[in-house]
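Below, each structure is written out as structure tokens.
Two complexes follow with chain A in common, the first pairing it with chain B and the second with chain C.
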Partner chain A sequence: MTRALPALLAFGVVAVPVAAGLLGTLLPAFGVLPAIGADGPSLDPWRRLFAEPGLPRATLLSLATGLGATVLSLLLVALFCAAAHGTRGVARAQALAAPILATPHAALAIGVLFLIAPSGLLLRLVSPWATGLDAPPDVATVNDAWGLALLLGLVVKETPYLLLMTLAALNQIPATRLVAVATSLGQPKPVAWLKVVFPLLYRQIRLPVLAVLAYSVGTVDVALILGPTTPPTLAPLLLRWATSPDLSLLLPASAGALLLLGVALTAIGAWLAAERAVAPLGRAWAASGLGTGAGALRAGATLLPFLLLLACAALVALVLWSVAGPWRFPDALPDRVQADTWTSQAAALATPAANSLSAALLATGLALALAVAALEARARHGAAALPWLLALTPLPLLLPQASFLLGLQTALLTLGLEGGLPAVVLVHLVFVLPYVLLSLSGPYAALDPRLPRVAACLGASPLRVFLAVKLPVLARPLLAVAAVGIAVSIAQYLATLLAGGGRFATLTTEAVTLAAGGDRRVLGVFAVAQAAIPLLAFGAALLLPALLWRDRAALRA
Partner chain B sequence: MTALPRRALAALALAPLAARAQDLPWSETLRRARGQTVAWHAWAGDERTNAFIAWVAEQAAARFGITLRHVRLRDTAEAVQRVLAEISAGRRAGGAVDLVWINGPNFLSLKQAGLLRRFAERLPNFALVDTVGKPATVTDFTIPVEGYAAPWRMARLVFIADGRRVPQPPRDMAALLAWSQRNRGRFTHPGVRNFLGATFLKQALYELAPDRTVLSRPAGAAFDATVAPLWAWYDALRPNLWRQGRAFPETGPAMRNLLNDGELDIMLSFNPAEATVSVAAGLLPATVRTFVPAIGSIGNASFVAIPVNASAPDAAEVVADLLLSPEAQARAEDPRHLGAPTVLDLARLAPADRARFAAWPRGPEALPPDALGPALPEPHPSWMTRLTEAWERRVAA
Partner chain C sequence: MSGLLLENVRIAIGARPLFPPLSLHVPRGEVATLMGPSGCGKSSLLAFLCGTLDPALSAAGRVSLDGAPLDGLPPERRRVGILFQDDLLFPHLSVGGNLGFGLPPGLSRAERRARIEAALAEAELPGFAERDPATLSGGQRARVALMRALLAEPRALLLDEPFGRLDAALRARFRAFVLGHAAARGLPVLLVTHDPADAAGRVVHLAPDAEPVMP
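Our next item is the complex of A and B:
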């Protein structure tokens, strides 16, 4: 039992809130919420839900933007990796993608807003000299009714993630040898990569792909910033009810959360069905020996670098607005650059920044401790440490957040826990721990087993082996994983809003609030501050080991 | 309307407690307040207001030893929901909301549920409020306030146009429709879930309703007949709005960005000094001009209220009183800071305090107070609620 304790703890920290949240969603969806006098069971919440004008459209929009963003992101990554295999382009794309991965969804979405809005930077750059426009056109390039801007915002954020996951997975596949064999059989390189590497690779990145799908279907913050408004997608619509003064709306909101869960599961089911349908086609194509299409693949491969540059431009737009003086359309640059917005917002930034940091550090610290304990137990005790439990912890990443966070809010409230740092940290852990576990288990498994064995032979206790041998060797991945944890925590919008009861202000909740309108310079300041924390964390994770272990260059896990 | 949580009614049992606090001398309230932290839940969509709240926080700390924290809301309903949820979960004290910027349906919903403290009349500075000349300070959307909230700023619906593009602004709803048909896509209003969007519809309703006296009573069976001309007008207007009336800016400040970018020619504001304030802040071009409809425009007062389960009710009262102090009111009215008209009766102030309200340097952008025309009272809150629902059905369908 004690051997399994770390795994049980890690699993419980994720599973208990999710289970409580799902239950807290399920009961009110059928009219049972005694706290507001609803004794159910009843189908009224569903009747109210389906009476909502625009619900069919909201549901379809969620499904379409979620599936669309996933297909496009995966397609862009596959095309690029196929064409760029073995070139320096891969390393360049990796270097560009890393900071974008670290940037929270909200900040990046705000940057995209600053770029592509009718009055955005892209149009300013070509106006009026090329377009003849001295006022922005009346065209909905953001918040459009079709969700295209939302789709772009999701693709810009998820493509770098899938790219980095793909590049990491490629390390475990003899891709270069496979491509060499296939090209020797007469296949052009990009075609060869798609035929022989992609099928192996896809198996490895399936979980991240499905996580992207579930996230995209249920996104709230990106949808609030870039998505359609009348009606919005499903998740923001539910949030509107869940934060309404009319508490009885919690019931249809819960029913809607279940509907959202159904939409996400439908999307995942459709995806898995499509896998089955595509696999034999792919096999037939691979076996056919047809080598055409390389030109089209190479053309398609240019999309990903273009997208990465767009994301970087979005970050530049954030910084520009944060230091802009008066800046009217169609000026491509502000009248003057000033620090006024930063100084005037310094006081307003202080509390949210402190809240963001404390939640991120606590959640990441706890997640690291739990993950290291569980992985250490697995290394020492093998099957007795219940490693299969650890494999289950990422499953909540396949659920849309609102499906269990809405119910969790009610549960936390009943326990008198919501509205403070502890509740926020607990709920952040649900998202931080799976990523920390996933990112740390590789380096832990790759640890040279001879090192602890030698130490043990020299008489060191298991604790000493852990402290004196394993931790120093693992310092580099531990720091990198800590940065991942911080980035995941900082990015949480819905989790912070609901667990914090709306009064735990972080840079993320403030930035999304400000994105509703208002002074773009202030919005720029909050978005830059929000993005700065994870970027600094990743920077520190890169620099610290080099500083700490200057004299031990060979020390690597 | 809001469903009354059954257990919320139990909170009425707290009423005697609140009454006892009324009997305390003010000096005792000040003593208790020292060292407390007040969470002021306030809509945070406007930077000028946020800056003003930050200034109030400095004053509260320096003068009364109170830590004032601005909890920034996207929608005031979030705070109302918080209080209702806490009471439903049995939390009768130690609540998250100490002070909330509130009016209209949100105020009615908390007042009806018996979830507000009665405190305004005992604030020393409340005696300075112009309850006669500015009846909106004691009647919010036709609902008697009865001390369950304290006013802190006056608001008036105004229109702001780019004077270069709109030399002759349309001063009634028929003219606005004709102007929009000639200038397609150059006007809109915030989405009606936003209070300013709802106010625009109410303003139009004042002009278009066959009988406007019904607006002061709850919207009952008369609703459909009263709003029919409004929808006929709106259906003609909507295709001519920005984005063909298929999308709407979320807030007033979002409209301001659009006017500044040149996407719109006319915007709405609840602050008669908005133009002056925003030109000075570089948020609007200097060519903007303010105008109001010929029949007058909707005016109301902004209030702060204290929920029965507030954690720091004493300090919240002190902050509410600070908001009513001549110094804070003068700062709020100063167009260099906020530009929100005062709720005080200047005749009741000491000469030194009255001097704080000296004629502000008002640019040509804004209207002087005497040119604002009559203030139309807010309709009963149920009109806002039902208009919002009906609008959503028309637009989202």
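Our next item is the complex of A and C:
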């Protein structure tokens, strides 16, 4: 029992809130929410949901942008990796992708907004000399009814994530030798990569791909910033109801959350069915002799570097607006830079920044402790530590967040836990712990098991083996995983909003709220502050091991 | 009975034994060699003697050291030293930090330093205490690993193919170095290897009981 305790705890910390949230969605969806006097059961919430005029379109938009963003992100990554295999371009793309991965969804979406809006940086760069415009055109380049800006925002954020997951997975595949064999048989390199490496690779990145799909279908913050408004996609529509002063709207919101769950599961089902359909075609193509189309693949491979540059430009746009003085359209740069917005917002930033930091540090600290305990138990006790339970822990990443967070809000409300730091930290853990576990289990498994054995045979107690051997040797991955945890926590919008009951303001909730208003300088300040925390955390995770191990070559590399 | 005594030791994966029941006595100051193909359970046997057997395997039989039973003792209280094919120096500690890792508690600072310096002198590495182990040659690292094991004052020494990674010239010298130091301290030594050239003392062939186990 004690051997299984760490795995049970880690699983429970994720599974209990998710189960409570799903139950808290299910009951109100059928008219049962005693807290607001709904005693059900009834189908009224569903009638109210389906009476919403924009619902079919909202549902289709969620499905289409979610599937579209996933297909495009995976396609861009596959094309790039196929053509750039074995070149220095891979390392360059990796270096560009890392800071984008660290940037929270909301900050990056705001940066994209600053780039592609009618008065955005991109149009300023080509105006008036190429376009003849001296006023922003009256075209909906963001919040467009088709969700194209939303699609772009999702692809900009998810492509770097899939790229980094892919590069990590490639280390576990003899990709270089496979491509060498295939090219020696006469296959052009990009074709060889797609034929022999991609099928092995895809199995390794399947969980991240499905997580991208579920997240994209259910995204709230990116949709609020870049998505359509009349109607919005499904998740923000539900949020509008769930946060309305009219509490009776919680019932159709819950029904909608179940619909969203159905949409996401449909998307995942469609994806898995497509895998089955495509696999035999791919095998037939791979077996069909020498491939052609290398030129087209190389052309397609340029899309990913272009997208990464766009994402970096979005970050630059955030910084520019946060320090911009007067900046008329179509000037490409502000007349002067000034710190006025930062100084005038300093007081307004203080509380949200402190809230963001305390939630991130607490959630990350708890997640690290739980993950290390569970992985340590797995290393010591094997099957008795229930490793299969640990493997199930990341599964909630495959659910759209709103499907259980809306219900969790009502559950927390019923328990009287809503509204403070403890509730926010508990709900952040649902997302932080799976990523911390996934990121740490590789380095933990890669630790030579003979190292702790040697230490024990030299007379060290299990505690001393852990503190004096394992922790120092794992310091670098532990710091990197801590940065991942902080980035995941800082990025949480819906979880913070709902667990905090709207009263726990973080940089993220403030930035998303400000995005609906008009002051770009203030918005820039909040978005830069939001992005700065995880970027600094990743910087520290790179720098500290280099300082700590400056005299230890084996740990520096 | 002095030395290392194994009585009816068996190790199994599930219901399948890795080798026939093994009984063996290695008196103090003597060497025994277990020979066998890879996968026959040699390394698992040494892990069992150290108290660090993989929880997926089960073991039975009695083991005693200088008359005291080892069964049930945690690894850190067995005082059984082990050397592997790789030196497994702790990468975050200096050479001196590695040597001091297993020193008995309660020594004064001066005494600790004196023992480390004496071990470095024996290993022909005087003045290496502050060095990063990653900057040492393979032969130097192997000698530090042996001195680290000996400074923990073991009552028996187990060798898990410890010469396999060294080139031919170094190999003979290091083998003589290890066996010489063990004999000087009167330690019973159990060596496992698949290479007849490494063998010393009494040789026991550890034949796989059932079908060979794939690694």
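Criterion: the second predicted complex is superposed on the first by the 554 of 557 C-alpha atoms of A that agree within 3 Å, B and C clash if a C-alpha of one lies under 4 Å from a C-alpha of the other, contacts with A are read in each partner's own complex, and residues count from 1 in each chain.
The criterion applied here is as follows: a contact is a pair of C-beta atoms (placed from the backbone, for glycine too) under 8 Å apart; a residue touches a chain by one contact, two chains touch by 3 or more.
Keep in mind it's a predicted model, so treat the numbers as computed, not measured.
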Query: Based on the superposition on chain A, does the combination of chain B and chain C result in a clash or a fit?
result: fit
- request: Check whether A:87 is in contact with chain B, with chain C, with both or with neither, and answer first, second, both or neither.
  value: neither
Per-residue touch tally on chain A - higher for chain B or for chain C: B
Message: Taking the superposition on A as described, I'd like to know which of chain B and chain C A:172 touches: first, second, both or neither.
response: neither
Field: Partner chain in contact with A:42 - chain B first, chain C second, else both or neither
entry: neither
- request: Check whether A:455 is in contact with chain B, with chain C, with both or with neither, and answer first, second, both or neither.
  value: second
Chain B versus chain C as contact partner of A:549, first or second or both or neither: second
Query: Given the touch rule stated above, what does A:2 touch, chain B (first), chain C (second), both, or neither?
result: neither
- request: Enter the shortest inter-chain Cα distance between chain B and chain C once the structures share a common frame, rounded to whole Å.
  value: 48
Field: Touching residues on chain A, where the partner in the complex is chain B
entry: 35-37, 53-54, 57, 118-119, 134-136, 138, 140, 143-145, 228-231, 240, 243-248, 325-326, 328-329, 344, 347-348, 351, 413-414, 416, 419, 501-503, 505, 510, 512-514, 516-520, 522
Complex contact set, residues of chain C against chain A: 47, 50-52, 54-56, 74-82, 84, 86, 88, 90-92, 94, 101-102, 104, 132-135, 148-149, 152, 154
Of chain B, residues touching chain A in the complex: 1-3, 5-7, 39, 41, 44-47, 50-51, 54, 69-75, 77-82, 84-86, 88-89, 91, 96-97, 105-106, 109, 184-185, 191, 193, 242-243, 246-258, 260-263, 281-283, 285, 392-393, 395-397
- prompt: chain C touches which residues of chain A in the complex?
  reply: 380-384, 448, 450-451, 453-462, 468-469, 472-473, 475, 549, 551-555
